[in-house]
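We call the chains A, B, C and D, going by the order they appear; numbering starts again at 1 in every chain.
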């Protein structure tokens, strides 16, 4: 069944910057490939948007196996930003995705400010009509260079965002890491540097050990934890970012259902991304969109805006300073 | 509960039979017209351990062991939490199944006249549909099946089997690879190709043997998988060739480009 | 069945500072009360040690309900350090616990350095024979004053540890929070200030929202995430602390079995604490002790020391800088 | 699988009967000699939704609904994931049960001659053992049982029941509290005490009524619980009194000091 987008009583449309998304359900970078594989298992035109796998200037082979470990209600990954490189990306992947009625956000990972700029400019000069913008990954825990070293340094995030901002009129979204003491200064830095939104959260640093061999289960020792296990962490971080900045938030982390998505809207997210759940069910996005519409009908809510940032805190707790 | 929706979406398939065929080996049969009518030898399905639970979270991959009418079978070896839950599924309960997935054996290629199936452990699951094809199309073949002892064979759908056991309790006393080597050493072997599925050590030995006798060899691999459909990049196998752009330069994805590979393609 | 402690082939004894624990399985603060309630459901003399509920100078009533939310493979709590206060603690709880053949570690929480010192001195002057030492909680996410504001400031942790060190010859253990960019400088600060060990991890900040009322499920909005969901995070943090300091580590976070405990030993922990699993099974400690003994026998390992810090990293990954 | 170990440890209890007694209400009977021989009216058990799974993680509390010989019964209302899993437990499967837990009703106290049981919804589970005690000891009592409509009553083990339904489909048309008020207003009520278990609104109304007629009232509460045994402090109820040292000054713990409290003790 195709979800009705914006017709009837419930309007799922959401605006971010100058872009209109037909619904607030996106799929997260690295959890949907470049669309073509998933297209065999779901109608990707149903989605509000697709954030593509992080792309760097040159292709990256990714890390040695083992790359995947299941954990309680979650998984660790250490893919290592395996990707086709920006040239194949603009030559093959963007044109393929241009055929679908959904917005594309190109996620960029790099190991220097220069590389970030080059990749963005190259994509910008090959932009397709449904390319809505860029998500800047400064938060990958699974590469030796770049990644977390950017994302945990508030000055570098500010500088990088400022450098990228003039290069595009499309959406500039910075994807932040949860692996910091507080996400608040990072949200503020992105806001100050002119980003259109932040996405929260990337994976949480985690590790698992094979107790028979005494080896780390992932070849890279540590990896990134994702899935339902981290949802409470993600909700708390979105809440913290909302309290401390005004920049729009794209909520990510352990979302499996419309109810889960709703938690993120309520604490302040304008849109959300589904990650790990796509591995369990590549058709999850469509189901969440349909269920969200139902849930909103039941609640008598007509648009996602009416959900975003509607957290209610008890008076007696407010009085106590919470 | 929809028992069947769109061809390529995950499906709740009712279990119609459950039987234990060897210690720790359970066969589940379930109704799944789409898989039953489209699967090719060597493909697999990805099955959720328990519908509605977040732990275990991910699907588990299983070769399609057999098809009959609109029904499919998988064989489950008790290995960890996911497989032990699945092995306990009862008739009437539903499995959440995604498939068929992966690429088939290169069983129609013309690089062989006679097929040699090299089988070990639960790798047997990849062989019945291949056997059926060869029987039906009168392709000459033989099967070299190795196990620790004679209680561990699951040969209900195999044919032309030569057994080998580590303890000599059935057939040849030794590995199926030594048995096969003995045969190959005996003399002329008309354009054979090995199709191997079993423990890594057996695969490595099969490759070494094929190298030695200079015959083609295709092996079916197992890796951990998060998605099984090519979107997570979690299932790489190192490759010696460099034409594989999708996953960068150095790896194939076992779930889509495999699970079986020609020996020249990979490093294991 | 009573586990054999230190007899037979496997010796579970572990030394920390000048204290010998008969086995490395302790129960974590706040997850075992003061022992008396749990004693109805398990033989607490089996345990290597009991870390008592955080105690402050005055009794604390704790937070308004709701205090508990289940999450995927975990739970959020916002107890708010409800405790009897140090006077009742030394008058009633310590004497009660003195009857058992296990080590007691008094966990202290406070909102100022002065209060930490006063509580420790008061306990020190009422010490019972099996009081092995103190665990300093600088990492509670669920109180308005103290708690995380100490634990996320490396200078404050150093200063506090230095101030407490001269006040006791017993074990001084600092319980660190995972809610920091890197735990390494905190581990180093504790080592430099003379602590005997660090315990890692306290709960991870998390949140859950009731999508019908739009209220946070916990009255205090955010709370602390614990349980199997956070185990990969805890293992990674212990690994990070081990790599960057030499101070002994007590591993905590999502441990439910001997296998789980083993992961912590391998990455560098000398002892471990069981937390949330006590709620599922108050007898969990005894089971883990028995299973650990079995597992060590199977592995042919004779003492816990032979497990601690035995992580094996593949050569090709080392060569790549991992 | 030990079916019984130590009295006070958690026990794998085989389910011997499962019956649906009303829409969304399932009764499970299981073998548990220890609970059956020691439980008092008002106590509860803490049951793991699914043995061996980490999600759901925590036990779920249920009143002990009935005992017979060495068997116990609980009544499960489908409320969320944990209860829906439990309600689907089949005969022959095992429940991991910890109990009996909590403090009994103050049913032997001498602050009453006649007991009035005020019952709503799944609160009914706390009443059968109390009923049995009153019947056996010839304590005069009556039961005011309210529900939305007549399909929702679970009165198999109750006695002397006055029914009230919101829609008038059975008994009094209105709430059981109004029915009780009508009775109380009719005249002399010899030293009664209310024992109430049901939805929060019904509890509040019962307390208000007891205040008005100046009679003792004990209510049984539900809170979220992590442990059920007094070690997590997760189950507080606000109290108006200050003698409760264990949990600080302002709260009782529902799991050990409750689940039932005298109306003077608590603020709900």
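In the analysis below, a residue touches a chain if its C-beta (ideal position, glycine included) is under 8 Å from a C-beta of that chain, and two chains touch if they have at least 3 such contacts.
Only a predicted model underlies this, so the values are computations on that prediction, with no experimental measurement involved.
> Applying the touch definition from the top, give me the chains sitting in contact with each of subunit C and subunit D.
Joint contacts, listed by label: A, B.
> Keeping to the contact definition above, tell me which chains border both subunit B and subunit D.
Intersection of subunit B and subunit D contact lists gives A, C.
> I'd like the Å distance between the centres of subunit A and subunit C, where a centre is the mean of that chain's Cα atoms.
The computed centroid separation for subunit A versus subunit C comes out at 34 Å.
> With chain centres taken as the means of their Cα atoms, state the distance from subunit B to subunit C in Å.
46
> So how far apart, in whole Å, are subunit A and subunit B when each is placed at the average of its C-alpha atoms?
For subunit A versus subunit B, the centre distance works out to 36 Å.
> Identify all positions of subunit B at which a residue touches two or more other chains, and write them in rising order.
54-55
> What positions in subunit A touch 2 or more of the other chains?
Those would be 64, 72-74, 227-229.
> Examine which chains touch each other and state the graph shape they make (line, ring, star, complete, other).
complete
> Under the stated contact criterion, what part of subunit C meets subunit B in this complex?
Residue positions touching the partner: 72-73, 228.
> Using the touch definition from the top, list the residues of subunit C that touch subunit D in their complex.
The contact residues of subunit C facing subunit D are 30-33, 37-38, 40-42, 53, 59-62, 64-70, 72-75, 77, 79, 82-84, 88, 227-229, 256, 276, 278-283.
> Contact residues on subunit D for subunit C in the complex?
8-10, 48, 54-59, 98, 223-238, 245-251, 256
> Within the complex, which stretch of subunit D touches subunit A?
The contact residues of subunit D facing subunit A are 54-55.
> So in the complex, which bits of subunit B are touching subunit D?
50, 52-55, 81
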